[in-house]
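Structures are listed in the sections that come next.
Note that chain A is present in both complexes that follow, paired respectively with chain B and with chain C.
Take a look at the complex of A and B:
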């Protein structure tokens, strides 16, 4: 582990965090919204930085950069490792697609477009800060930035329903973050550190750690919308504009899981008890089953997709009972499974929301019933939706399938076969709600003049993301190799 | 990597690429669509034939890459692969020609033919899968790619059938997933190897292996339409005729039973499976399915439904063959896998011809159709006699070997199962043949269409005649090299190390 690195070490990660903010400032300084070239340059620069950090990590291994002085003693700084790099890459992929989608989706609404940039770009910065932070203070900072941007994005169209959803979201965020902050406070008092990797500093388990862990876990599960704390999520994601919903449910919901995963994976030896793991596992199972059932019952397409997130989030959290009960090798399998699930869900869910947005725009109705006849007139969006659905259902060769397979192996490896049953049953439920949509599209419906055609550019991002989600199963070796880049002890 | 390492992937991609190109075509570009379809189908036959020749010479074709360090994706050609891939690619060509004629001027053809090619690609994947994991991957993709074909017409009835199909298939897939994951957990990544692998594995727990076998059979039995997992199949006959042909003869049902062959011969190994005592229960299930399917077929008055139940019964001949321990059973089972495909596709083509040309769906309404459509009716008669097992047709060969296998395995009861089933086959096919040729047509046909000089469209007629011709050839020239029978014997030698 390299502590308090030199200037050059800081440069790349800092640029990665700050670049979207600078970009946002540039956007603010112009009277007109950013156009195609401005966006392309920003996306390109961020992509280069992302690639740079991934290659650098693969070449040099993981490391921690701490601030000088007291802050550094508290563990405040950046943590560069494979998991973080993986999420930075994922963020770049999804945010870039989202930027493209926003640009074409709000083509005729320049004012709205301008406001979207002021929210999306800082959000991007906040996400990268969360992925790279080493401590709860920076994480808190990142989460607050993200939260305010998200509230703005949900409430953007100014109608009553989204505004209500935004308020509920804000409430959830404030409560969740409060618990996180309290937990971090307990950590400072009890162990004199804010770092997520408490165990690194060879602390003994004790009451402080137990309380802090409970608070942090509770706060983060709330923000991650794990059952039964999920009720704020579907209205928030279902009622905002489709390209923004894509961003919210593909990336923002992952942040809380990510932090929790970091905390647990680093401190496994200290506190990860089978009891706490089992409790999270029960909640996760309930989320898988309940979310699937609720998704199946929805009449609106975007609400179905939103409830599907409740269902899918459950799979991530199955990681905790598995690593709590596992040997180190099986724990790695569990981690790999959960991370693959996170990545494929992010890609597939973004594709689903974008495609659903195109379909809703095409049929001028939010209802699933309205999809009759759509296969003849909006085939590309439908195909994107269908392909992304394959990954959500966890059918091969998608990333979702390989994730499920890996989680199955982990659950058999721990001997806790009941999670395997949950995983398989959940897959069946996901298939039920996805096929509910497929089915409707085979009905013959109204003629061509009843459909509205958007720009063909709107089809690009969802198709790309859907192909990535489906193809991930075949190239999963690459993200898994990156995951293995860890900070040397 | 040499060409031989790429060939399996190339075989797979011919129809996969065709699918993607066809999806991209506009609805009205039907000449392009037809050309691409036919080109891909012919290219596939050539490649499979080349590969079959190589396999007979002992050349290895294998595409392999690691998905994760513990998990390999393997496509490999062995004698069993060639049997199934050869059948599928030959019948795909026939079905493609047939479908072009059948769907002329109907809507959504790009969608249909796209998924059609996709379905064949997944079938070839099933045939080429070199380990259980790869098999599972394509087995599931097959479900996904056939669903759009089953519900193609978009009627309420078709959608209901589609829902039943998907519910059964995905449930079967889930059971299979559990079984494969469990086995992988116990023994790791195992390739399919003639003679089986599990006997050498260090798993001391026979109970687990028996349970896994049961799960595998349930998962595969859904597609293979083993009773009581069969009821999706008769419902799915609402699909267009080429799709029924695909479900019953080329792809879906065959994938299930092919999987069983793989599990028994190349995973467990027939000796080990026999020692575990799992073959005999399966033989009983197969026997029950054979009788039940035949009885149900007898009770159906709709032609396609009768054919569907006949499939339920006939496909279990293959299962029966592999469970009758011994080379003769293997030969009978594998050869029937091919022969049943040839005969059943002919019958479904004929049913489609009657429906499209005369508007006839019920068995009773076929009175006198032989005079109106002599060629189709001749094809139907040949295939029906084949199904009954009349020499020298294809069906006779399979039944002959199965009967001998039952005697050799000292399971005389199974001989009786075959006899009863043959009587039932005759009971539900002969009345149709009688109606075709010896009854006179009562009144006008329900929806007659005139196609010029010929009794029906040549797109429909020629594939039907071709497959009926194969039924005769496979029987009469069974002794010739590369006939289905010779190939099955070649394969059985591999399995038993003869």
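Take a look at the complex of A and C:
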């Protein structure tokens, strides 16, 4: 394992984590809300740092940067590898689009526009810390920073329903991270490390690792909202402002899956078994079917999109039964499929929420049956919604299609055809709830004067993200190549 | 003797946390229950930890406890805001705060 601790090695990742925080402090110190130029500079600087990390990684390979002294002995530090860099890039893409959308969405509400940056920007810092952390201590810190910001974002408008949703989210956070923290504690007791990769893999797995893995898996599946631990997610994502829901749904739920995937992939040989993988697979299958069914039954558009997240999270977790039962080649296929699904879902779901927000604003109602006539008067938002829907349904050539196709291949490769059945059925359910929205928009509705038209700038971010979600299927080689950059043993 | 004391204290904290969580529906009290569970869990871990691994646990506890406390305070704040809102809607609906 390449371990470096020089100042130059630390500079880029540290700046990437700290820069949004400094940006938030700057926003806090101003009397007026951040304007377009201030936001553009911040996004640009973060983009340059993100690009720098990716190029540096491709040039020099993966490495671990440990803190000096005792903390370093415990594995506390940062890890630069392909999967982390991929999520940093994804975060930049989605957060930049959200920044743009939030700026235009709240343009007539200066108080909200001022407050929102104190929450969005630290959340960006927390996400980058999670992607780059090498150990559970920094991951825990990042997750709690994110949790504080998310609670604030859900409760931002101060009304009773979002406040209740924020409380439910907080409860899930407390329980989930309590389990994660205790799992990390058991890991220290048993193996003397806080690192996600348990260094000493030569020994037989003992009870400490089993208990730690159970606690970590339980905590993270709760925070990832995997069925049946999903009940906090739909109200939380459905009741906040649409551009903020986009951020929460596209990035925050991914963090828990990311950590769990890294932990399983790094230590799979020590504790993962077909039985354990099968149990997670059953929960994932139930999430796909139940989430799809519930999304189809919703009467409010944002709640439909929120339940769609429950449905799509299930696909990520199908990776675990597949890697537990497969040869290394098939396991790699399963990993690639799951990671592609995470990326395509993040892009598509951000686009869906933003487009749904525009539609809700346009018809001044959250109800799906209020969408009649939208196809004639709000076609751009509807197109963004549809393009993102193509990826959610898994139609070619979208990223969602390639991800589900790869997962199908992996499930047939392991001989576990029943997961393939779930994937296909989930695709039909996704099509059912997306087309239900579309069907409504083509019905005759009120005249043009009954629709409210927002700024055209509000259409840019969802359209861009929707095109990226669809186009991902054509350029999937690039993210997959980055995934292969690992820390040398 | 010291181990027995730690086990008792940790066990009591855990039991208090579980009782508080199960018996009260109030979110803020549940947040407090999580804090008790965190404390109890760590005290029990301390009993069984070999001395060379103690530093890692101290680091975890030093971070975990204040963060849990802060989340509990946040929960309390949200709860009070909810009460204020329910009072604004219905001035006689203040009974919920004694839940």
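Please note the rule applied: the second predicted complex is superposed on the first by the 482 of 489 C-alpha atoms of A that agree within 3 Å, B and C clash if a C-alpha of one lies under 4 Å from a C-alpha of the other, contacts with A are read in each partner's own complex, and residues count from 1 in each chain.
The working rule: a contact is a pair of C-beta atoms (placed from the backbone, for glycine too) under 8 Å apart; a residue touches a chain by one contact, two chains touch by 3 or more.
Predicted model, so just to flag it, every value in this text is computed and none were measured.
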**Asked** In the superposed arrangement, which partner chain does A:443 touch: chain B (first), chain C (second), both, or neither?
**Response** first
**Asked** Where does A:467 make contact in the superposed view: on chain B (first), on chain C (second), on both, or on neither?
**Response** neither
**Request:** Identify the partner contact of A:178: answer first if only chain B is touched, second if only chain C is, both if each is, neither if none is.
**Result:** second
**Item:** First (chain B), second (chain C), both or neither touched by A:476
**Value:** first
**Asked** Is A:457 touching the first partner chain B, the second partner chain C, both, or neither of them?
**Response** neither
**Request:** State whether A:137 touches chain B only (first), chain C only (second), both chains, or neither.
**Result:** second
**Message:** Applying the document's definition of touch, where does A:148 land relative to chain B and chain C: first, second, both, or neither?
**Reply:** second
**Prompt:** Can A:395 be said to touch chain B (first), chain C (second), both, or neither?
**Reply:** first
**Prompt:** For chain A, which residues are in contact with chain B within the complex?
**Reply:** 336, 375-376, 379, 383, 390, 395-397, 401-402, 404-406, 408-409, 412-413, 420, 424-425, 427-428, 431, 435, 438-439, 442-444, 473-474, 476-477, 480
**Fill in**
In the complex, chain C touches chain A at residues 27, 30-31, 34, 37-38, 41-42, 45, 48-50, 52-53, 55-57, 59-60, 63-64, 67-68, 70-72, 74-75, 78-79, 81-82, 85-86, 89
**Prompt:** What residues of chain A sit close enough to touch chain C in their complex?
**Reply:** 70-71, 74, 76, 137, 140-141, 144, 147-148, 151, 155, 158-160, 163-164, 166-167, 170-171, 173-175, 178, 181-182, 184-186, 188-189, 192-194
**Asked** Which residues, counting only chain B, touch chain A once they are in their complex?
**Response** 23, 27, 66-71, 73, 107-108, 111, 136-138, 140-141, 143-144, 147-148, 151-152, 154, 158-159, 162-163, 166, 170-171, 173-174, 177-178, 181-182, 184-185
